[in-house]
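Chain naming follows the written order as A, B, C and D, and within any one chain the residues start at number 1.
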Amino acid sequence: MSTVETAIVAEPAGAEEPRGRRRRSVALIVGTSIVGTYILAAVLAPWLAPYDPLAQDVPNALAAPSGSHPLGTDHLGRDVLSRLLHGSRVDLLLGMAAAGAAGVLGTVLGLVAGYAGRSVDVVVTRVMDVVQALPGIVLLLVLLLVLGPGAGSIIAALALTGWVAYARLVRASVLVVRDQDFTSAARLAGLGHPRVLFRHVLPNVWIQGVIYMTSDIVIIIGAIAALGYLGIGIQAPTPEWGQMIYDGQAFLASHWWLSAAPGLAIVVLGLGLALVSDALTDRARR
Amino acid sequence: MQRLGYLGRRLGYVLITLWGVSLLLFVMLQLLPGGPAEAMLGITATQQQVDALNQELGLDRPVVAQYVDYMGRLIRGDLGDSLVFGRPVVDVIGDALPATLKLAVYVVALSTLSTVTLATLAASFRGRAIDHVIRALPLIGVGMPGFWIGAMLLFLFALTFPFFPAGGIEEGFAGALRSLFLPALTLAISVSAILIRSLRRGLIDVLESDHVLTARAKGLRGVRLVVRHVLPNAAIPTVTLMGLVFVSLLGGALIVESVFAIPGVGQLLVNGFKRHDMPLVMGIALLSAAAILLVNLLIDVVYSLLDPRVSLR
Amino acid sequence: MVSAEPLLEVSDLAVTLHTPQGPLRAAEGVSFAVAAAEAVGLVGESGSGKSVAMRAILGLLPRGSTVSGSVRFAGRELVGVAERQLAPIRGREISMIFQDPMTALNPIRRIGGQIGEVLRIQLGWNRRRASAHARELLARVEIAEPDRVLRQFPHQLSGGMRQRVLIAMALACQPRLILCDEPTTALDVTTQDQILALLRRASDESGAAMIFVSHDLAVVRQLCSRVLVMYAGRLVEMGPIGPVFADPRHAYTAALLRSLPAIDGPRQPPVSIGGELPDRFRPPSGCRFRTRCTVADDSCASLPSTLLPVDGERGSACIHAATGLPDRGAESGVSR
Amino acid sequence: MPRPERPGRGLAKRFVLLCAPVLFMAAACGGGSDDGDGGRDGEGADAGAGSELVVARARDLESLNADAITASREGWETYELIAQPLYMGNSEGDLVPGVASEYTVSDDQLSWTFTIRDGITFSNGAPVTSADVAFTIENAQEGPLQGALYQAITSIETPDENTIVLSTDEPNSGLIWDLAAYPVAVIPEDFAGMDPEEFWRTPIGTGPYMVETWSQGVEVVLVPNPHYWGDEPALDRLTFRPVPDENTRMLQLRNGDVDIVEDPAYAQLTTIEADGTLDVVEFPNPTAIFVTVDTTKPPFDDVHARRAVSLAIDRDALVEAGLRGYGQPAGSFIAASAMGGHEPEFGLAFDPAEAAAELARSATPDGFTFELMYDPAVSSVTAAVQVVQANLADVGITVELNGLDRDAQQAKRDAGDWDATIATIISGSDAGGIFQYYGSTNGFYSGSQLMSEVESEWQASNSDFSDGGRLETYRDLVTRIAEDAPQIGLYSPTRLYGTGPAVGSVAPRNPTGAIDYAAVVVN
């Protein structure tokens, strides 16, 4: 009912910056381009990296950045730039895999809980409470010790602890969408429950999941780094940003770039993902 | 009245969930390779020696019997004895709890303070340069691992400019304030990243709302307007996030306590895992689970107090 | 019946809003005066700038807007004055009632507190005295159980009741001018009449002047003694209700009246106005209605924006105004 | 307490398959060194007035219970400052009188008579009597963790207040070494009337220091024992603090919060040396880091494959990369400095060409792949295994690194699903005990055929009380094991400390490089 006039007066809905629509699309473009470059770096790492990330050159260890080694060498004489590029392969792809797995698991359970109603909902919510009641780190520590180290078990562990956030998000959205007219209309038209779920309910709900996933990936990369610090992270010698940061930390005084380079890699990725998440949030809010 | 009924029901749920947590943990800890006996005796002990110790610790009985026994004692508040420290788990945790609680309170204070100021600044100058800076700032916090932020802060403010001690806790209130500032800041940086974004969004929505316009038409302005009308409404969605933040706090504390040598519960947990001190690990996990569930319950109650439209059903 | 010293004198008011598509001149060259205890109607279609003009008086425009021209209230200039000086006037000398009662009240605070607040802030009353007066105000706006409503939250009240609360809030400090921004548009017809009756009685009793913004001429006729008509950000006609309604001297006013279902007199189908609103960023030169005006001719293009005087106290921005609308306007079914 | 299934000297030594922080100590570790040797020169003695030192350690002190501390080096190194056994090992690895002033062994080598040092008292002033020693040994025998070590003692008699006679069923030349260990550090009878748990919070012993306060996880503060029988301890207050993060430990040293740092990060040693006010202190430490392989199945059932691996490893590069130069290459799991240890020529050889030749002679001439398990928590080991991986890759042997904690490795070993693992052993001053170990752990789990020869030759040495003969046997065993290579030596790290300006001179207290805090010189 708001007349054009009120719209002007109350500032165009949804856009919080004066330059609104143009502003938001810039964020999306910048965000997706950053994330895109990271994905490219991860995929093309073997060709982009000047050296083999595992090749050691102990006598040449801790060399300062130079022409041959733009980011210098680490404490075992390996080229930091190459390890950084290959590191994206581990961190980004692992992050996406874990967030994806958690997302899928969470969305499915969220959908079922939200849509199936009463008994199923109570059971799933109780399970969600139990998983979320435990501090994430405890569950991660136990899972990793049970599953043993390695990328596979880290993805499984992160997914098994991370799915609850997605499930809660999706379930909440499903509860809202479930009673709306178009869902009951679809039911009336004789569509079976699964088809209604995936054809009608899901399209309205997945955007929330994607938005959360963008920030979840950064949190997961942080978690992988923390696991490395506790000694149960990615296996050496595989290059991984968190481990590179920790290894470089001992040389903070003399070789600050050993930690700074991977640190910057994580931050810029975080920035990219946040911009994408912001843009998607605005789009979803309208 | 109606709220007590709700509280009763929710406390019931908390107990059920805690029981679920204890079951999940007990099963998973059985899956861990090796056991406390091997951990205590070292790899070289003869198998017969290991069996003797297991028998003494009651670990040779069937898992179900052990679980029933554990729950029986748990209900009486007895978390058993720590294998490593040789003292009741409750005492061991009790010794370490003050440090973690001081840190947690300090982080909540720091992050709330920084969140409210930065979010209000960003919202009131939305769209301008300061808004973008404030929105980008916490991103650095989210991405960076806690141990790196901690190491940098220590390097800068405990060595290069020695304003703060390099880790540990000093006696007394002032001592604690001084010595826990850097660790609390480390955690606050990553925690407030999420809170600032949420409060900023909340503030902008409220600043554009009709009822703020009405308030301005009544002659309210400046701080009085923000405090009486803007903040209370904007803070509601952020309050619900506090629960999520509190959970991530426990994980972060574990790392920060190790970096800053704070004798807290996080340290106990890491060492408990390394030394296979199952009773200690179970005790800490259960207590933190209880804390998380109670905090979530508290937040739901606060939410209903803050927003009358939400009824406790 | 303009009294000697006008309570409110608006001269050449112009407002530019900051929109995603760039700056927008929402109102321009608006000049009028309001005498004490006088009820003036401000009418126009959506987007005519009527609401913007009114909010400009109290300086309650959205961020980034700019205001020029002058608004003098009881001899004091309000345009360009710092918020610190404006605040004491808002709610105490000039109060405002908004359009949508559902969102105009703070959802998480009780009604009593929200009404009492303006008394405590503007008059410095203590909590007890403020809430007592709040109870009295609720009674005056015909709310059944004032004591219960004082303790309730907005979501517990109907739209009509909330609008009564807003009126009570506006009357609290006995302001000398009440600005009403389409207060009844969001209400159903029956509640609308009750609220209008309430507003008339309130302004009569308190002797407060009133500016009543609406796109509904019937409502304005019921409440106001004079009317100002705005189109695309400009005043196009001004004058006492009777003569303007009977003998509109601007094609737009005439068209507006024709689109009004005649309540009294022969039932004629309402005639909608042809064409659409002009592009707000590039309004037509001269008279902005000429693109939709059935009597427009070349001379309209170069018309000055000010109102031309029409027999004494009336004004119209149409060059044909002085001579009355030519016959061609007849077939547009203007009921004289 | 059920007797272990193999009577005899019991498991005198500990051996850990992981270079985890839990390192065990061979026999000869004892309490404070007596007057003779050590860095205590004249002028240091009276510098004690008002001197305090704060020491930052990697791990927290969890318990001071003589039996439970077997799991933490911090535990026994603190306890050794508080309580002393009958005899103690000094830094050169010789046994010196402690609570006992002398001892004699009977002709049939079955009974040992100790005379208690006259006038010696506990820190609570009570004199030390033979009853206290008897109680100490009986209490040690009941210890769930260390009790097995002392089952060999079948009878304890106390003819008078100052004499105690211990007898065994079989001759046991190493008993004196077992008695020079912390589990049998002398404590007052019946815990001096205190409840055991309370006693172990502030143990009473005859050592130079005693516990003033101990707040878990924060610090333990030691103050001089007023009734100490030896020279007055150098410090008025000695504080140990756990600081888990190695960088934080370093920062506390550099900004003066602490005076001594244990286990400084290797990477930061260069920073310490660059800082004029700080020093790196390096004590010899008879610890060997080595690889032990499963010889019962391919690829390591073939001696040539094992020898190829041994020859392909560049041990100097290991010391450089892993320890930044602070240590020496090791050719065997017996440290060269231990009695009976030496530097076996084959064990230290680095000859990729010869390694390739050995590989050619092996069952898999074109190379093979194996999994190497290690503990990722120790940064020097993590660096070293990556160098080993690169070295072996050069000769066509592919190493898959697998960082597992101690129990995960134990589980794989029990399932027989392992190829090789990194192990650590501290061989105190006497290599004999480690060979006995070798037998009892099936050749450090390698199942090596050499194991039976090692077992029998070690048994023979047991009854040979003359030093010459025993040591010759041990040296020969070291050489033969190195050449058959079921165990491949890597390196021996030295014991490192970072010291601040307040620390004058420090000297080791025992063979494993613990600082003698009773004799430290403070500036």
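By our rule, a contact is a pair of C-beta atoms (placed from the backbone, for glycine too) under 8 Å apart; a residue touches a chain by one contact, two chains touch by 3 or more.
Everything numeric in this text was worked out from a predicted model, so none of it was measured.
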item	value
Centroid comparison with chain A (C-alpha atoms), farthest chain	C
Centre-most chain [mean C-alpha coordinates]	B
More contacts between chains, B-D or A-D	B-D
Averaged-CA centre spacing for the pair chain D and chain A, given as whole angstrom	46
Length of the line joining the C-alpha centres of chain B and chain D, rounded to whole Å	39
Whole-Å separation of chain centres (CA-atom averages), chain A against chain C	52
Chain centre separation in whole Å, for chain B relative to chain A (CA means)	21
Per-residue overlap in chain B, given as positions that touch at least 2 other chains	32-33, 147, 151, 155, 210, 258
Numbers and ranges of chain C residues touching at least 2 other chains	100
Set of chain D residues in contact with two or more other chains	247, 377, 405, 408
Contact footprint of chain B on chain D as seen in their complex	1-2, 4-6, 11, 14-18, 22, 24, 59-60, 62-63, 65, 68, 70-71, 144-145, 148, 197, 200, 215-218, 241-245, 247-248, 251-252, 254-255, 257, 377, 405-408, 410-411, 437, 440-441
Contact set on chain A toward chain D in their complex	54-56, 58-59, 61, 75-76, 145, 148-149, 231-232, 235-237, 247, 249-254
Residue ranges of chain D in contact with chain A within the complex	246-247, 265-268, 270-271, 317, 320-321, 376-377, 379, 382-383, 385-387, 389-390, 401-405, 408
Parts of chain B lying in touch with chain C, wherever the complex brings them together	209-211, 213-222, 224, 228-229, 232-233, 236, 306-309
Complex contact set, residues of chain C against chain B	58, 60, 83-84, 87-92, 95-96, 98, 100, 103-109, 117-118, 121-122, 153, 155, 166, 169
